[in-house]
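Each of the two complexes below includes chain A, the first together with chain B, the second together with chain C.
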Partner chain A sequence: MRVASTIARELLIFAATLLVTSLIIFMVVNLLPGDVAGTILGPNADASSIAALRTTMGLDRPWPLRYLEWIGGLLTGDAGRSALSGQPVLALIGPKLAVTGWLVTLGMALAIVIAVPVGIAAALRRKHLDGLIWAGLSQLGMAVPAFLAGMLLVVVFAVQLSWLPANGYVRLAEDPGGWARHLVLPVVSLAIVQSAVLVRYVRSAFIDVLGEDYFRTARAVGWRFGSAVLRHGLRNASLQVLTVLGLQLATLFVGAIVIENVFVLPGLGSLLLSSVNQRDLPVVQTIVMIQVALVLVINGVVDLVARLADPRLRAEATEAGA
Partner chain B sequence: MDFRIGRRPLIGAALAGSLASLVGCSSKDGGSGSQAQVHDLVVGATAAPDALDPSTNTAAAISQALLYNVYETLLKVDGKGAYQPLLAKSWTESPDGLSYTFTLEPNARFASGAALDASAVKTSLDRIGQDPTTLATLKSQLAAIDRVETPDPGTLVLRLKHPDNFLLYFLAQTAGIVYEPSALSTLNQKPAGSGPFVFSAWSQGESLSLVRNASYWGTPTKFDKATFKYYADPNAENAALSSGDLDIISNVQAPQALGQFKDTSRFTILDGTTMSEVVMGFNHSRPVFGDIRVRRAINYAINRPELLQTVADGHGRLIGSMVPPTDPWYEDLSNTYSFDPDKARSLLAEAGHSSGLTLALRVPTLPYATAAATFVTSALKDVGITVTVDQLDFPARWIDEVMTKGNYDMTIIGHAEGRDIVKWADPQYYWHYDNPAFQKLIQQAQTGPADEVNGIMKKAAEMLATDAAADFLYLLANLVVIRADLSGVAENLTSDSFDLTTISSKDF
Partner chain C sequence: MTELLSVENMVVGFEGASRPTIGGISFTLRAGQRLGLIGESGSGKSVTALALMGLLPDTAHLSGSVRLAGRELVGLGDAKMARIRGREMSMVFQEPMTALDPTMRVGRQVAEVVRLHCARTGSGHTRERVCRMLEEVGLPDAERIADSYPFQLSGGQRQRVMVAMALINRPELIICDEPTTALDVTVQARVLDVLDRGLREVGAACLFISHDLAVVSQICDDVIVMYRGQIVEAGPVAVLLDHARHPYTRGLVATARLDEVAPGARLRVIEDFWDASQERR
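And then the complex of A and B:
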């Protein structure tokens, strides 16, 4: 019962947040100067034909009406059509969301695979030269912008060595090999920077854990160092790291556009940018809504996982609910 | 301790292994290599289309991909400005210039197999004239047509309201496209024409693919497939050609980057002309530009050869008026105002601006425009004009502020449309240039005897130059890089189309 009502409450807050956000998004997006009628008719049109098209497209109707139309459509799963091409917005966004989704999840997965062992090593060997080198390298990795890392990788692996395509994208269903080849460089350049950030958190989380009483106790009762690290260290440190990971993931879904641009990946960010430039507002509004929803969902999941992993949080939640 | 030492090489090995296996894949089916069975042509471009119907959306990217490749017109303009038959086998003009009779190509069909007869052509031309959703620019290009007659399926007659010497030219461009009549309602998603290529797929912002029209009525293309790929970032486009993902870059955005394609065993660089005049326009509705001394002073103050060197690494042409060298009435007017800052200063003093003048230069966020704005600002500062520059997002913001609201003193943009010199005869257009003598010349050229057109248009171009109607900075270069085995790419751009129909490879 208690669990069900907690979930219901969370969902209600989720829906209310989205509704308020949608209003803000709509207002801000519609404040942008210029409109899609001008884009369609271009530099050779005169002002009167732009005005006429604006009327035909209904762009001169009052904003509350246009907002209700949009939000009403969204509630029934219909985000309307692109003002430019007339394609359904969701059909337009779907494939782009998949591209960004692959890029971000694979990039983060690789970042974790790199950062966890490196971070632990840097923590364990923090008083030795090699540990300091790891920490220094992560500092360096953070200082390198993702796009620069991407461009360097392209020059080496695509232009000089011709091992991998310089950019572009192939759908997984069409050609799995081509899909993988096209994703290697973008995923690696994303992972380089994100793992550098992550290494620092893993390292400091582990240093904290190594100084905790329970760790010393584990060693004292005869646990071998490696087992103690794995059993107690990893689990406790992961809680701190998880929060950072959630933040990184959320930021990337919005910020992957930099990598998308360098590698010409047809992702959400590129579509958002071009739609803003062209003032294709139905597309802009819906993409931003999806990004907001994704961030909320990621935060929710991080919260949930943290509770499951940490008995203390579970206990708190139970006490608070009682 | 063993932990770290044990893990690290493992990760390295795993990465190296997966890289190696991927590399293995890539060399097997080496992309668009000429040895492959399927001949695929991949063309890089910068502006992606956001819709596909060139009659309702102005984006040049639509015609770039579709005109002549998927869509055909009655006739076509060749590189020398002469008319060549396409869907019309031949045509005649009546002595009074009030009607044109076209004999259609009897074998012509749409890619769907449907007949391409006079009534199909009539449907397309009538649609431009009568459908409220088609672009006003196209309507004005065909405005002289009074009615279209179809005496028999193989003959089309255009009856005109008044003679129009420009009509054939526009019939050969986007305005004259013959669309499949049964597909008109879905043209924005699915183009349907009669060309050697058929529309295959479109991924907005990413690519547009065409395949060979297996039942093409004319000379078929040698390529099984042609894909336009779109790059927002010019560096990415260059890298794609270097690494073999592209066969052609249709228009190099940063001429400074051409050096990387110097290897003639791999690439050919074409450096021709476009029709795109980069104009620094004056807002003639502002009193300050009513004074010709101010307009001339600005023209004298800017060292255009140096500007071309700075902005475009010397690629492009100085033209001095609104006419590209591929138009039959072109003459070099670039020396009308040779760089002379002293003269500029004295003209400004004469005009009463010796104590200084401040002008707003509002440019679109296009690389050449912002680069030129920086040059112009420092050149004008040198003669006592303070220029405040701001950059407006292109297209939306620039169109809104400059074109719709007329809220600017000066702006810089390339005018890519063919024969756009006639825009100077429209006082409503954003320059608000209202010169009755010029308007009369354009009208004479359009409706007068055909053999006088070139002479009159020359005069009109000279008038724009001497009147300093704008500062005609330069003409954008048509910089194309192609794989060395390819040929048949037009060096000079004479339409909106990137014409694939003439391209072939010496390897097959």
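And then the complex of A and C:
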């Protein structure tokens, strides 16, 4: 019962946050100077024809009405149509979201696979040359912008070696092999930068854990060093890293736009950018809304996982829910 | 009498330190003997304990000889040392609040110590053994304690769990590094009592590190005094504390006395101390 009420409370907060955000998004987006009527008719159109188009498109109606229309549509799963192409917004966004989703999740997964062992090695060997080299590489990786890493990879693997395509995207359902080949370079360049950040946190989390009394206890009762690290270090250290991980993931859904541009991937970021330029407000609003929802969901999941992994938080949660 | 632990000319130095932290100490411990190790902060008591356990940090350098039941421990690899730790020799640390893994139920942490050293025990049997051990260290509600996380237990309860972990494999030597210093005075007495009974029951020898002379005289037969990394004096507790020859030991006794002028329960402790030492004489 307690768990159920906690979840209900969280969902309520989630819904309220989304509602408030939607209002803010709508206001900000509608504050942008210029509108889609101007885009459609071009820079030479006269004021009266623009006004006429605005009336036909419903842009001259008061904003509370337009807001309610939009939010009501969202609730029923209809985000309206693109002001420019007339396509349903969700049908427009769906495939782009898939591209960004693959890029971000695969990139983060690879980043974790790289960062955890490297971070542990850097922590265990921090007083040796190899440990310092790992830490130094992590610093270097953080200093390299993602787009630069991407371009370097393109130069080597696409241009020089011609092993992989330099840009573009193929849908998974169409051609799984081509899909994978097109995603390798973007995913790797994203993972390089993200893992460099993550290594730092994994390293410092493990350095903390190695100095903890319970780690010494684990050794004193007969765990060998490596087993003690896995048995009593990993879980405690991952609690520290988890928050950073969630933050990174959330930022990436918005920030993957740089990588998408370098590799000409038809992702959410590119769509958002072009829609803002063309003042295609229904699309802009909905993309930002989806991004906000994703960030909230990721934070919620991180919270949940942290509670499952940390008995102290779990106890807190049940007390709060009671 | 056979020697269980024999330390000869043990030197511990740390990287970057001008002189060694432990400057060549030697002492022996018979099976079942209880040896107190006293000295001021920084005299090398804890470093001695960690050196015996093979738990010194990487930056430390250990030389000399440490023999446990005839077996040389200095230079032994981590894998071989790990098999000795927790089975032949175990340790109780000073800080019960942080010595247990916060993310693991304490019953499982005690059970781990059993399973680590005897591969062929069923989990039901282990659980039973863990609960019995928890009861023995004065946690009558053993089932509930075993299912608790460290943060749900008091300092005294946690230290009892630590004592249970140290005793459960019936080691021949238990090193206690100020096991009651971090506890309330009232809890101190009870945990000491539990430790005392546990040691007797298991028949383990004990190296008991403390700066509390009263506690040492209550638990130990003999005592060695460390000062700046050296053993300056050694002998039976009663004799040594009453007839301290080394000026530092005399100072220590006097300081302890001055400390006890403070109000409250500690006054009683020093009275106990004098009574106890006089009885032993």
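Here, the second predicted complex is superposed on the first by the 317 of 322 C-alpha atoms of A that agree within 3 Å, B and C clash if a C-alpha of one lies under 4 Å from a C-alpha of the other, contacts with A are read in each partner's own complex, and residues count from 1 in each chain.
We take it that a residue touches a chain if its C-beta (ideal position, glycine included) is under 8 Å from a C-beta of that chain, and two chains touch if they have at least 3 such contacts.
The structure presented is a predicted model; accordingly, all values stated were derived computationally and were not measured.
*Asks:* Record, for the superposition on chain A, whether partners chain B and chain C clash or fit.
*Replies:* With chain A aligned, chain B clears chain C, so fit.
*Asks:* Which partner does A:Lys127 contact after superposing on A: first (chain B), second (chain C), both, neither?
*Replies:* Second partner only.
*Asks:* Now for A:Ile114: first (chain B), second (chain C), both, or neither, which partner does it touch?
*Replies:* In the superposed model, A:Ile114 contacts chain B only, not chain C.
*Asks:* After the fit on chain A, how big is the angle at chain A between chain B and chain C, using C-alpha centres and going to the nearest 10 degrees?
*Replies:* Given the fit on chain A C-alpha atoms, the answer is 160 degrees.
*Asks:* Applying the document's definition of touch, where does A:Glu212 land relative to chain B and chain C: first, second, both, or neither?
*Replies:* second
*Asks:* Report for A:Leu137: first if it touches chain B alone, second if chain C alone, otherwise both or neither.
*Replies:* neither
*Asks:* Looking at A:Arg224, would you say it contacts chain B, chain C, both, or neither? Reply first, second, both or neither.
*Replies:* It touches chain C, and chain B stays clear.
*Asks:* Does chain B (first) or chain C (second) touch A:Val154, or do both, or does neither?
*Replies:* first
*Asks:* Give, as a whole number of angstrom, the minimum Cα separation of chain B and chain C in the superposed three-chain arrangement.
*Replies:* Result, nearest C-alpha distance in the overlay: 11 Å.
*Asks:* Contact residues on chain A for chain B in the complex?
*Replies:* Going through chain A, the ones touching chain B are 32-36, 38-50, 56, 82, 84-87, 92, 95, 113-114, 117-118, 120-121, 124-125, 151, 154-155, 158-159, 162-169, 177-178, 180-181, 184, 226, 229, 261-264, 266, 270-271, 273-274, 277-280.
*Asks:* Any idea which chain B residues touch chain A in the complex?
*Replies:* By the definition above, chain B touches chain A via 1-4, 7-8, 11, 19, 22-23, 25-26, 31, 48, 50-52, 56-59, 132-133, 135-137, 188-189, 203-206, 229, 231-233, 235-236, 239-240, 242-245, 393-401, 403-404, 413, 415, 417, 420, 423, 426, 428-429.
*Asks:* Looking at the complex, which residues from chain C come into contact with chain A?
*Replies:* That would be residues 53, 55, 58-59, 78-79, 82-87, 90-91, 93, 95, 98-105, 112-113, 116-117, 149, 151-152, 162, 165 of chain C.
*Asks:* Can you list the chain A residues touching chain C in their complex?
*Replies:* Contact set of chain A toward chain C: 127, 212-214, 216-225, 231-232, 235-236, 239, 309-312, 315.
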